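Before any comments, here is the structure.
Just so it is clear, A, B, C, D and E label the chains in written order, and each chain counts residues from 1 on its own.
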Amino acid sequence: MFMTLKKHMLAASVSVAALLPLSAAAQEATFVLGTNEVGIPSYNLLTAVNTNTVYSMIYDNLVAQDSDLSFHPYLAESWDEAPDGMSWTFHLKPGVKFHNGKALTSADIAKFIEMFRSTESSYMVDAIEKVETPDDLTVKFVMKHPDPNILYNLASSFMGIPDPDAVEALGDDYGITEAVGTGPFKLESFTLGQETVVVRNDDYAWGSPLSANKGPAKLERITFREIPEDSTAFLELKSGGVDGLLSIPTDYLKDISSDPALSVAPIPGQEVYYMPINVTKEPFTDIKVREAAAYAINQEEILQNVFSGYGAVANNFLISALPEAQIDPAVNISFNPDKANALLDEAGWVKGADGVREKDGKKLTVSLWTQNDSVFRRLTEVVQAQLKAVGFDPQIQTFDSSTIRDQYKSGEQQLAVRSYFWNNADIVDWFFGGDRLGYPNVSMFNDPKAEELRTKAMTGSKTGEERTANFKAYHEYVTSQFPYAPIYQPPQNMAYNKEHITMPETLHGTSITGVVMVDVEAKE
Amino acid sequence: MSLKGTLNSIGRALRTPKGAISGAWLALVVLGAIFAPVLTPYDYDIQDLPNAFAAPSFAHWLGTDEFGRDLLTRVLYGARTSLSVSVLSISVSVFTGMVLGAAAGYFGGAFDRAVTIFVDLTWSFPEILIALILVAIIGPGITGTMVAIAVAYLAQFTRLTRAQIMAIRSETYIEAAKSLGARDSFILLRHLLPNSLAPVLVAGMLATGDAIILEATLGFFGLGAQPPTPSWGSMMSSGSALLFKAPWIIVFPGLAVAITVVAINLFGDALIRALDIKTRLREA
Amino acid sequence: MLDYLIRRVLLLLPVFLAVSAIIFLILHLIPGDPVDNLLKVGSGPDARAKIEAKYGLDQPLIVQYGMWLGNVLQGDLGTSIITRRPVSSMIAQVLPNSLMLGGFALLFSSIMGIILGIVAAAYRDRWPDQIIMGGVLLGSTLPSFWLGLLLILAFSVQLSWFPVSGARGWESLVLPVLTIGLGGMALVARVTRVSMIDAASRDFVLLLHAKGLSPARIRLRHVLRHALIPVVTILALRIGWILGGAVTVEYVFARPGLGLTLIKALAQHDYPVVQACLLMLAIAVMLGTLLGDILQALMDPRVRSAMT
Amino acid sequence: MADPLIRAEALVKRFQTGGGLLARPRAMLAVRGVSMAIGKGEVVGVVGESGCGKSTLARLILRLIEPTSGTIHFDGQDLTKLSRGDMRRMRRRMAMVFQDPYSSLDPRFTVAEVLAEPFRVQGEEPPAGRIAELLGQVGLSERLSASYPHQMSGGQRQRIGIARALAQAPDFIVLDEPTASLDVSIQAQIIALLSELRRELGLTYLFISHDLGLVRYFCDRVVVMYLGAVVEVLPKADAPARHPYTAALMDSTFAPDPGQRKTLRAIEGEIPSAFDLPKGCAFAARCPRASDRCRAENPELSATDHPVACFHPL
Amino acid sequence: MLLSVENLGVRIGKVEPLSSLSFTLDRGEILGLVGESGSGKSLTAMAVTGLLPLIGGRIAEGAVMFDGTDLSKLPEDRLRPYRGKRIALVTQNPMTALDPVQRIGDQVDIMARLHLGLDAKAARARTVELLTRLRIPEAVTVCDAYPHQLSGGMKQRIVIAMALAAEPDLIVADEPTTALDVTVQAQIIHILGELVRERGLALMLITHDMGVVAQVCDKVAVLYAGRLAETRAVGPLFASPHHPYTTALIDCIPREGMARGSLTGIPGLVPSVMSYPSGCRFHPRCPRADATCERTIPETRTLPDGGIVSCHHPLGGDHG
């Protein structure tokens, strides 16, 4: 009995023993992943719904995106777009090898794109009709329709290039015991929910122009720990248990800047907090009630008091850096309690003695879902109080952060507090697309006009400018229907112990990725 | 045991130094919970965000929490939740446990075996795990917490009552009642239950202390009372993330739990001595 | 003795069956459908049926139970629905941590508890007794997560002696062991004290004094031996407590372990993982009671005779 | 005896212990085919050492436990055939006084409640003045009626136990070692009280004791039991012993008179376990007169006026 | 005189359950210490064996002279060599007197090893010899047994063997047969009597049974409520008791040929330590009591035959 288990236990006890005395070897570092990156089940991006930073250590992309959202060569030395936008040709860098020693060829790219069509994120390659491989180092995407967003998708962490043969060969074990990419680090071990250890890829010689170091990384070994509680992570950094936090909550910014050993590196923000409103649930089927709820949110108060003034308020769905965020100011949503009260009065909800509004003998009691991380719980409590001020009676329901997605699929939610992490306007499609009701479309928003605008934005744009205009219109219309209320855009900050490690002066890329990590050095 | 006897015992317990100090604290907590609205000028749920994280001061004796709410007010209101949840659920647990345990102990047979297996199984598992599983089934919130606590401690009282009944069942006065022609129900209601009551009630009182901790632990996992309703556990739960920034948010509710549970234990000890449970049992 | 051992082990079989059936059933009472988690957004009922078939969720409960039990007996604990990894490997990853934490906590609480109990009993009702029992009461009434956080604040943040979290190296064991151990120590100290006092008041101890043996010898060679019988029984029962009850401490110290895995899986409706964790705990509890019974039989000839 | 109040025939009680997975089941014969009759107004003593089945016999006769086989007739009615309700009503006519006065009273009952219980279990309330009358009968003050058992001495409690037995004015009382846990001075008081009550109320007693001296002082006839069976019935208290075991019992009883010192010829060995009875006469292993026949065959109780179950009586 | 208890008083906490007790005992003698429960018999045993501190008591006054040394003045560490070696104890309940988790042999061996300095082998040989002497069948096997495997009578013999193992001068036997069946009681009493005669031991036999006293004792001390009522040689005591309590006690035992109804017992209750009556503690139950008895504690007077009686109105030479 328990033969298999026994084997595993033997293996595990060996690994525990290996963990015990961490020799203070020279080039090693430990980072803590951001709390929003906790719980990745594997490093197989073909099955992933979420990714984390470590993906970019293991996998390289065809193209790299910088913090200014510009695109740069990576595995592709160069690329050409056909003038009609109906094809893209990428020229691969020669001499690139996977971690298993196999050389990267165009056939791998073609196979990978085909495999990608069956993933959750298949929309990213929808526009590609087929992939042609004229030679080993040339890949040509023949398009169904122009997609100006293709470079963005190819640069995203979801589309790092794995060895497709290894993915096939390893099956369910792929991404858990082994992951084969071309990145500067190789997966050494992965303990679900605990930590991922990567070691340097000594053959690495194809660093992107965004990195100063084109050769093998300086760090020999990096441990990425997952700590679900911000305060614990912060204490670890403070007490020297880890060398850096890839993302730190604003609560601790002050403490960190006052600590001489610690330093903060700002990264462009990509996150937005918002309150989805389920348009299919009474009383939010009435747009006036949705509008009132949206106007009840005091973004400024939240920015100042919950996040100590760090970051910015959100007035629509997208991060301010995106051109698609610059919609008609009249449509933007910001705190307006008088309007909220007026709208509710109009909708027939009358304030009762206890401050809760009523209509036809029914109280304006609504559910307010949130996940149980401390920032969410806190933010939600403030949102609860703000909604209460205009006469709602929100009942908070807390769910485990990893299950709340399934809960949304039931469509039972009324209000919720959520955040997303993305820097492209197509996120509007993801969260409000009529074919994804429940999750990700938590608002259950399915509006014919919106769908029309959505299709146009997703598939009907030939150029970047056209795409921007289409998404702006789509975004503007969605916002005008109040399926959500914007709340807050947090700043993105990395904190590290400057006595232990040196970070490059400027951080290139959209976040802390492999592009940055090859330049990071440990102090001896 | 008669009401007068009970009151006498409590009186005796209160006259010992241990009983007096612990009794005073418990009275303070209960009165504080009842008269919370009168005792403090603040509301437990009105946020005052600019005033968040205020350290203890004259205006806020225990400081304020992350929403600027007065911590003393919330500790007092939290006592309402924590005490009522633990007392209610333990009462249910004691009552159910007594019924199950008495039936099993008196009638024996297959029913007894079934109860014993159930009790042994649940007894071997930590209460917190049982509670967590039950909350997963029922869903978080006060109801879930109460059911979870009641079931988690059920085994203890069933076991105790059963043991008491078994012990008393072999007393000669039970045989004497049988020799007079007493029915089973008479023996159960007039002899067995009254005589096993005191130890079970004292155990129930001591378990109330454990239940406060269990409630706090569930609250700490975010599964107890949902905001903005304060309970000692949920207060500590949000405070734990702010341990470094505002330690008082977690220190004071924690102290409230610790002191109250110690007081319950001390008072229980005093009551055991006053009731003289052990010696009386030996005598009987 | 051997005869008893065999019978005692055989007795575990029906208990194991009952426990496994209960564990299997409890899980199906928990609301929430794990299949939702596996389904690709927007996929139809076909895909659902396929996944249900893959995990056997379309079969009647009793068949599912049979399949599960059969696999379990072969050491196959299934595949996690959420992480899609073999559960046995997940368990194998966390079990050593739990065993280490639990083992050291058990060791700490037994040794400290027994010593404190002996001292308190020796000074019964005098100040050392009162100080020890007061401290012990406090130790057992502090909520463990609170104690853990305060220890972190003091020893990790202020003094930087021990790491804040994780399961890396012995340093990271100190605070969690202390947190769990203090509660256990309280229990052991209380039981040791009471049973020392109880054993010391027995007739044969009076006779030992009358035989002219020295009080120290009587206390350590005779009374302690009797007093340890209930202590050992309780400690054996605590095994389940220490493995599963550590969940709060694992949570506070972000320490991978069985308890943490269990509550995570519970929240995610990851049936196979929850079942496996509960099964591990149940096995630990059963082995604990078995161990307790065997130790009791070894320590007490009366128990040995009652068995045959 | 034409019409005895109690007639027990061939009573057998087998107890089963153990069982389950951890211990083998073992059976013991606590009472092995005992027959006896008690006439109205008679005091019959049952004497024997611990484990001889005398207490079990007492409980069988009152049907507090069910016999494995055999019958008990009480005033002509077969108790073993009565329904539960009829048996409960019949219990008014019989009562029992227990050995341990400390555990035979519910510690939470006052004396008045204890004495009211015999009425309450029958669904009645005690008639006015009855409790005071009962207390008077056992020589206690009415003031005690509000006391709890722990406030009283052993002797007082045993008097309460006797008063409880008298409450429904029974015909027949089983006295199960009523003085075994009392001091000698109190024992004599209780014995005196019991004698007086018998005379006044015309009671019939079955008196169980291990003290042969006391039994011979108090009883009209003495039944001697050894390992679940009757070995001898002394037709009169002062009749000489015929069974070697009775003789051994008499030898082991010391008179408070240094002049009557006995040269102790105490019987060797101890009572065998009831779980594995020897073949033949149960006393054979300890008997100075035992022959091979005794070890092979079980002697029957002789049907004489001085019945004895022995192949070699004295 | 081997043992001479002089004016002994014992205190436990605030109460004095035993006071002004005197008696003597020499080698080869058996002293019966009689009285009802709570009369202080067992306390006397504890005082003589120096075990009072174990139950929280102490000797408050008087002396326990043993072979010329006053044991009541010795500190614990100087007292210990007497215990087991020179003064042995046999307790009331053989069921609980032995360590249930230790083998019989080891429990007896320790006496010879500790007090006679024998090695393990010699001590075991001695144990086997002793057990055989006490007519325990298969002594070698019994040595390997645990107490629960033996019957009550057997266990009491083991306890006696333990008491004898270190060749003591005095054995204090506290109700050694109360928990046993009558036939077994007779065996044990018989063995004790034999041992005293053979080995010249002194035996202090505590009992409540006047029958046992009459059977084996040489002298008797009658205790009532923590005081000595009367102490005399056994013959005269039974023939002509001086204290009314002694008479009453003897009359409580039914005798061969006693008429029905002649057994009346002693009226009233045995007083508890917490509420001893004033004056002569027996006065509430005494048929001869008068106002003096109620107020004054009677002086002890020495009788012509060397006995002591403590009564205001002792009975004459003949009674009954």
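Definition applied: a residue touches a chain if its C-beta (ideal position, glycine included) is under 8 Å from a C-beta of that chain, and two chains touch if they have at least 3 such contacts.
None of these values were measured; they are calculated from a predicted model.
Touch-path distance (fewest steps) from subunit A to subunit D is 2.
Looking at subunit B and subunit E, the chains that touch each of them are C, D. A simple rule picks the central chain: find each chain's mean C-alpha point, then take the one closest to the mean of all protein C-alpha atoms, which gives C. For subunit E, the chain whose average C-alpha position is most distant is A. With each centre defined as the average position of its C-alpha atoms, the distance from subunit A to subunit E rounds to 90 Å. We define each chain's centre as the mean of its Cα atoms; on that basis subunit C and subunit E are separated by 52 Å.
Note on chain placement: the centre of subunit B and the centre of subunit D lie 49 Å apart, centres being C-alpha means.
Across the assembly, subunit C contributes 152, 157, 267 as residues in contact with two or more other chains. The residues of subunit E lying in touch with subunit C in their complex are 49, 51, 54, 80-85, 88-89, 91, 93, 96-102, 110-111, 114-115, 146, 148-149, 159, 162, 166. Within the complex formed with subunit D, the subunit E residues making contact are 36-37, 135, 151, 153-154, 181-187, 189-190, 193, 208-215, 234-235, 238, 248-258, 260-261, 263-267, 269-270, 285.
Only residues 1-6, 8-9, 11-13, 16, 19-22, 41-42, 47, 120, 172, 176, 191-194, 225, 227-229, 232, 235-236, 238-241, 399-400, 402-403, 405-407, 409, 435-436, 439-440 of subunit A touch subunit C when the two sit together in their complex. For subunit C in complex with subunit E, the touching residues are 202-204, 206-214, 222, 225-226, 299-302, 305. Listed in rising order, the residues of subunit C touching subunit A in the complex are 32-33, 36-37, 40-42, 73-77, 79, 82-86, 88-93, 95-97, 100, 152, 156-157, 160, 163-170, 254, 256, 264, 267-269.
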